[in-house]
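Got a structure here, written out as structure tokens. Questions coming.
All chains are identified by letter, namely A, B, C and D, in their written order; residue positions are counted from 1 within each chain.
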Amino acid sequence: MKRIGVLTSGGDAPGMNAAIRAVVRAGLKNDISVIGFKRGYNGVLMRSADQGDDFSLMTARSVSDKVHRGGTFLMTARCSEFLKEEVQRKAVENLRSLGVEGMVCIGGNGTFAGADALNRLGMPTIGVPGTIDNDLMYTDSTIGFDTALNTACECVNRIRETSDSHERASMVTVMGRDCGDIAVHTALACGAELVMIPEIPWSVEEVADRVKWGVMRGKNSMIMIFAEGAVESLTTDVEKLCAQHECLRDVSLRHITSSQIAMMIEALAQHETRATVLGYIQRGGSPTSFDRILASRLGNRAVELLRDDVGGRAVGIRDNHIVDVPIEEGKQSRKGADQALLDLIATLS
Amino acid sequence: MKRIGVLTSGGDAPGMNAAIRAVVRAGLKNDISVIGFKRGYNGVLMRSADQGDDFSLMTARSVSDKVHRGGTFLMTARCSEFLKEEVQRKAVENLRSLGVEGMVCIGGNGTFAGADALNRLGMPTIGVPGTIDNDLMYTDSTIGFDTALNTACECVNRIRETSDSHERASMVTVMGRDCGDIAVHTALACGAELVMIPEIPWSVEEVADRVKWGVMRGKNSMIMIFAEGAVESLTTDVEKLCAQHECLRDVSLRHITSSQIAMMIEALAQHETRATVLGYIQRGGSPTSFDRILASRLGNRAVELLRDDVGGRAVGIRDNHIVDVPIEEGKQSRKGADQALLDLIATLS
Amino acid sequence: MKRIGVLTSGGDAPGMNAAIRAVVRAGLKNDISVIGFKRGYNGVLMRSADQGDDFSLMTARSVSDKVHRGGTFLMTARCSEFLKEEVQRKAVENLRSLGVEGMVCIGGNGTFAGADALNRLGMPTIGVPGTIDNDLMYTDSTIGFDTALNTACECVNRIRETSDSHERASMVTVMGRDCGDIAVHTALACGAELVMIPEIPWSVEEVADRVKWGVMRGKNSMIMIFAEGAVESLTTDVEKLCAQHECLRDVSLRHITSSQIAMMIEALAQHETRATVLGYIQRGGSPTSFDRILASRLGNRAVELLRDDVGGRAVGIRDNHIVDVPIEEGKQSRKGADQALLDLIATLS
Amino acid sequence: MKRIGVLTSGGDAPGMNAAIRAVVRAGLKNDISVIGFKRGYNGVLMRSADQGDDFSLMTARSVSDKVHRGGTFLMTARCSEFLKEEVQRKAVENLRSLGVEGMVCIGGNGTFAGADALNRLGMPTIGVPGTIDNDLMYTDSTIGFDTALNTACECVNRIRETSDSHERASMVTVMGRDCGDIAVHTALACGAELVMIPEIPWSVEEVADRVKWGVMRGKNSMIMIFAEGAVESLTTDVEKLCAQHECLRDVSLRHITSSQIAMMIEALAQHETRATVLGYIQRGGSPTSFDRILASRLGNRAVELLRDDVGGRAVGIRDNHIVDVPIEEGKQSRKGADQALLDLIATLS
């Protein structure tokens, strides 16, 4: 190949810039020129008034001073119309008109679906896993996961200090709508007392019992990690619970928030409980060395595959080795909690 | 004096440990023994089953390895019954029975009210300003404010990276129920585009206009800092606004959250807007060098005053000099935004 | 087993506390009591005047609030006399007198030699790899390595900013007397231009050429990572070089320092070059989530082995799985650079 | 004025970018265009082959995303030939040819000398104090000092953890060739046991005595902060000392390093002592909120002065108020330690 393209799509993840850098530099080393498309698949569709705003030719200098930056300098966006085949065909046409012979698409499973489509339409495409959620089955780690974990741990450290000072229970809600991986790893790393994830049913009553039990043992300050999506596996009859407690009459039954769960726990356990939602803080930040190295290796591997005329693969890391699998397989999302880690949290807390 | 007591009360603030350390070490240097009371005024009331859990005699070693820790190792709590004079009298009685001849009380204006009461009942007491809110009129800085600012700035850095990657507007809600100081300083330090505080009326419509205007100028990513209490100075008729926009029908009119304000801005400006509430993350964390030095100087000064048989004063820093004022004056809370800083934010954004 | 002991020995590493915590908590969960020995093997030899200073019985509370702390609260020390068999016999005798039936020894290869000796003398002992150097052959990672890498990357970020501002070449010396692993991973993670390690010969002339070549291409600011031990593989005839350059006449030939190498590079390349030695900064710091989780898993595994009456093993992680090998094998140190990573650094810089 | 210039010169300091940003944005707000000169006074002399490399017209966008970055994006360099009047005249000529009517020069006393010269030759010039050393008499703080302090404290935290684990004395050398301000503030903020600065004579014997005394009291781990320039006030007869101790025979008498001082202390105190030199790590890093706000206020004030046709002033902060003094006065460097802070360190350690 003489020319390839690279883009980042879906939610941003720390380490995406390191992956772009690796694609560009490894491309140039292999005498392949690299075009960077902006805002994910939108850039390939070239809809901006000013085309310079859709893509640009990358030089070694374009990716200087980027390896340690969070976010993605190519920017990212979702592109729902890319689900339509006519739009995908238009994309391949655009790529060919620019002389692009292969693509590297960095993102999560939505991104991989687009990459799969491009590949099926004859544009060899490699998927690189960039998402903090670590929810892809085929790879042990995705780029951004390690950084998100460390950010969450740092925030929990801060919260633990104020929690200890006030002897209260603190709920910390971390990212993870469908996959509890961030929550489980954060809980283990921070020595949290409890962890609630979408994959495992739980009830407010049971959590409140654990808090009460902790207080009886003299453990007034507790950290409980909740995955964002944990509310999905909540088995408590909230309506009934709120009817029983005068102090819960303000709880909205339509949209249960972390603060409301904290209020319920406090009401049942009779122990001060406060909630913090980490939110977008977990997305940014300078990537950890692990994520930078992973991104560098995966970006480089993606270029090697394209150079060897191989497309339709997702690159990843499994048992410490760089691997590649059919991109269709790459799209499969991981669910189900790691029981060994959950047991370890219970053993050590 | 032969013996004094020290306590931390109200919300915890980074640097409280450095202040306790200074009181203990300066006490010992002046041949004054120091008792540390736990959980604020509750410790003085000695209600625990186990009295060792209420107070203990401090040694130089008790405060080793504490200067750089967040929170307060003496723990803190509010103590509403301390408003009653009979309870205050009981406290003074308890202190006398332990041979305590003076007190250092570290906290905000609630703490100072208690300190004032002790002093009036004949127990010489010094107030040390420990609160992240910086809402005390008599001192340019309170212990914890500088750390909270730096924590907020670090979080905003992270949010800005993801905001830039997605070209969205980001609302960041920082501490400050009545006082916009953290918000104003954070906005200036982070180069935020807008800042909303309780002291200044604002409307969702106006903010949305600023966002639209930014987008027209090509500034898709924006940072807007909101003080927690900014919702109090919101002049928008939310009910009417929600009635006009189909997408806002889920907004709860009873309790307006940051997320709901973001939804309103997005609806009006037609530009993606997301909210993050920093919450308890701002409370913890290793204190900055500024806060540690301020705490050391104020703690030491408090002991010097008691040593010289002076009570009823609040120590602080004004125009770079350590000062002390009558504690009654110290209780007065500061309101009103610093117009010069607000103008500077407008000039530089 | 009814009772086991735990100690940390050799250089401290972030995550040692998390490992001790896991041993204690997993022990208690398995109805095994745990004694913590202080200052490595010295504690087992019980030489202190005050025996409470040599060891103590651990409770669940002893390891509260420790998982995120750097260093080791059991303290560590080298113990050269432990090489003598009579001393080792005395240690086993002491352990038996305390009812200790098994040991967990956390450290590097020196620590493992002691553990091997204890095991041979009939005290079942498990080695846990705690060293920032990552120089043990049998495990892909040692506890502390990931943290040391991230600390080094953070320091390099700071140095890069000042290096860019002054357009100079910056040499950064990281830990690693015999093993270049920290240097290679730091260089890859930071996008460094060059890396020098003990395993690969290099010359000042060649580095200076690379600097000159960079300057000619317009790259005035460069980062070069040196392992501490890289001076061992230096092939330059320093005496001759210094004789040729007036400005190098102060270079001491007895003990070549990083600053002196920087002077030589500057003299040859005619481009400003400055050195920074990270030193002990790399040892401390709150462990990363990776190190805390690894430490938790390995500490727990060590207890499981002892519980099942297995001794004489070193636990580690290989291809993402927890493994154990004969402790004799565990002692073998790793040398030889990872050529694939070195190639990747060359490709991406 | 219609057009002004801005430059950074001398050693870089965190917050310089925030100051440049303030000058540019405040300029534009006042209808003044701003030219940024690169590499300090070198840019004004326009010696590069490519003039685009010497200066460029700044827009509001040029300073986007800069407020939180360390270093200076205009780069900096020393320019010794700027001491000659003919060169200064050439600079003023160049500035006039570009339509520049006033200058803002950001840096330390060397920079202010150049600014003074420009002003005397009829080019109204304002000095802004940007240096981590805090060695200017007229201002309580210089831009960069607060950040350097916090960086030093963070490094000392890391070193303390490893120092505690090994029960050793640790010497930490911080910036400050002539002025001990960073050392004194770091020592106070970190709870260091000792501090050595260029302004106060000290001997190795005395430090060793303090270490011995600490060990006798059970304080095995100690932190001693040394200013870089402290070796100048060393009163020990090193030659004699080395002659007395076999283990010191390798000490070079020509150039005494921190490591050698640590060896001497260890030899005399018979207690393990290790040295770390923070070096260039202290220069970089994202500026603290204090430095960003100070830089914003001072940069803005500089523009206001030029707008009002005032030149020849240095802006600073004194007793919490923004002030300006004749630039000649601004050049005066501060010496002499703050005795009150030194006493406080002694009281609290």
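The rule is short, and it goes like this: contacts are C-beta pairs under 8 Å (C-beta built on N, C-alpha and C of every residue); 3 or more make two chains touch, one makes a residue touch a chain.
Just so it is clear, the structure is predicted and the values come from calculations on it, not from any experiment.
Path length between subunit B and subunit C in the chain contact graph, taken as the least number of steps between touching chains: 2.
Listed by label, the chains touching subunit A and subunit C alike form an empty list. Distance between Cα centroids is largest for the pairing of subunit C with B.
With centres taken as mean Cα positions, subunit B sits 33 Å from subunit A. Per-chain Cα centroids separate subunit A from subunit D by 40 Å. Counting partner chains per residue, subunit C shows two or more touched chains at residues 157, 160, 164.
Arrangement of the chains shown, judged by which pairs touch: one closed cycle in which each chain has exactly two touching partners. Every pair of chains that touch is listed here: A-B, A-C, B-D, C-D. Per the touch definition, subunit A reaches subunit C in the complex via residues 21-22, 25-26, 29, 65, 67-68, 140, 146, 149-150, 152-154, 157, 160, 164, 185-186, 188-191, 286, 288-290, 292-293, 296-297, 300, 318-321, 344, 347-349. Residue ranges of subunit C in contact with subunit D, taken from their complex: 8, 12, 14, 16, 39, 69-72, 75-77, 151, 155, 157-167, 170, 250, 252, 254-255, 257, 274-285.
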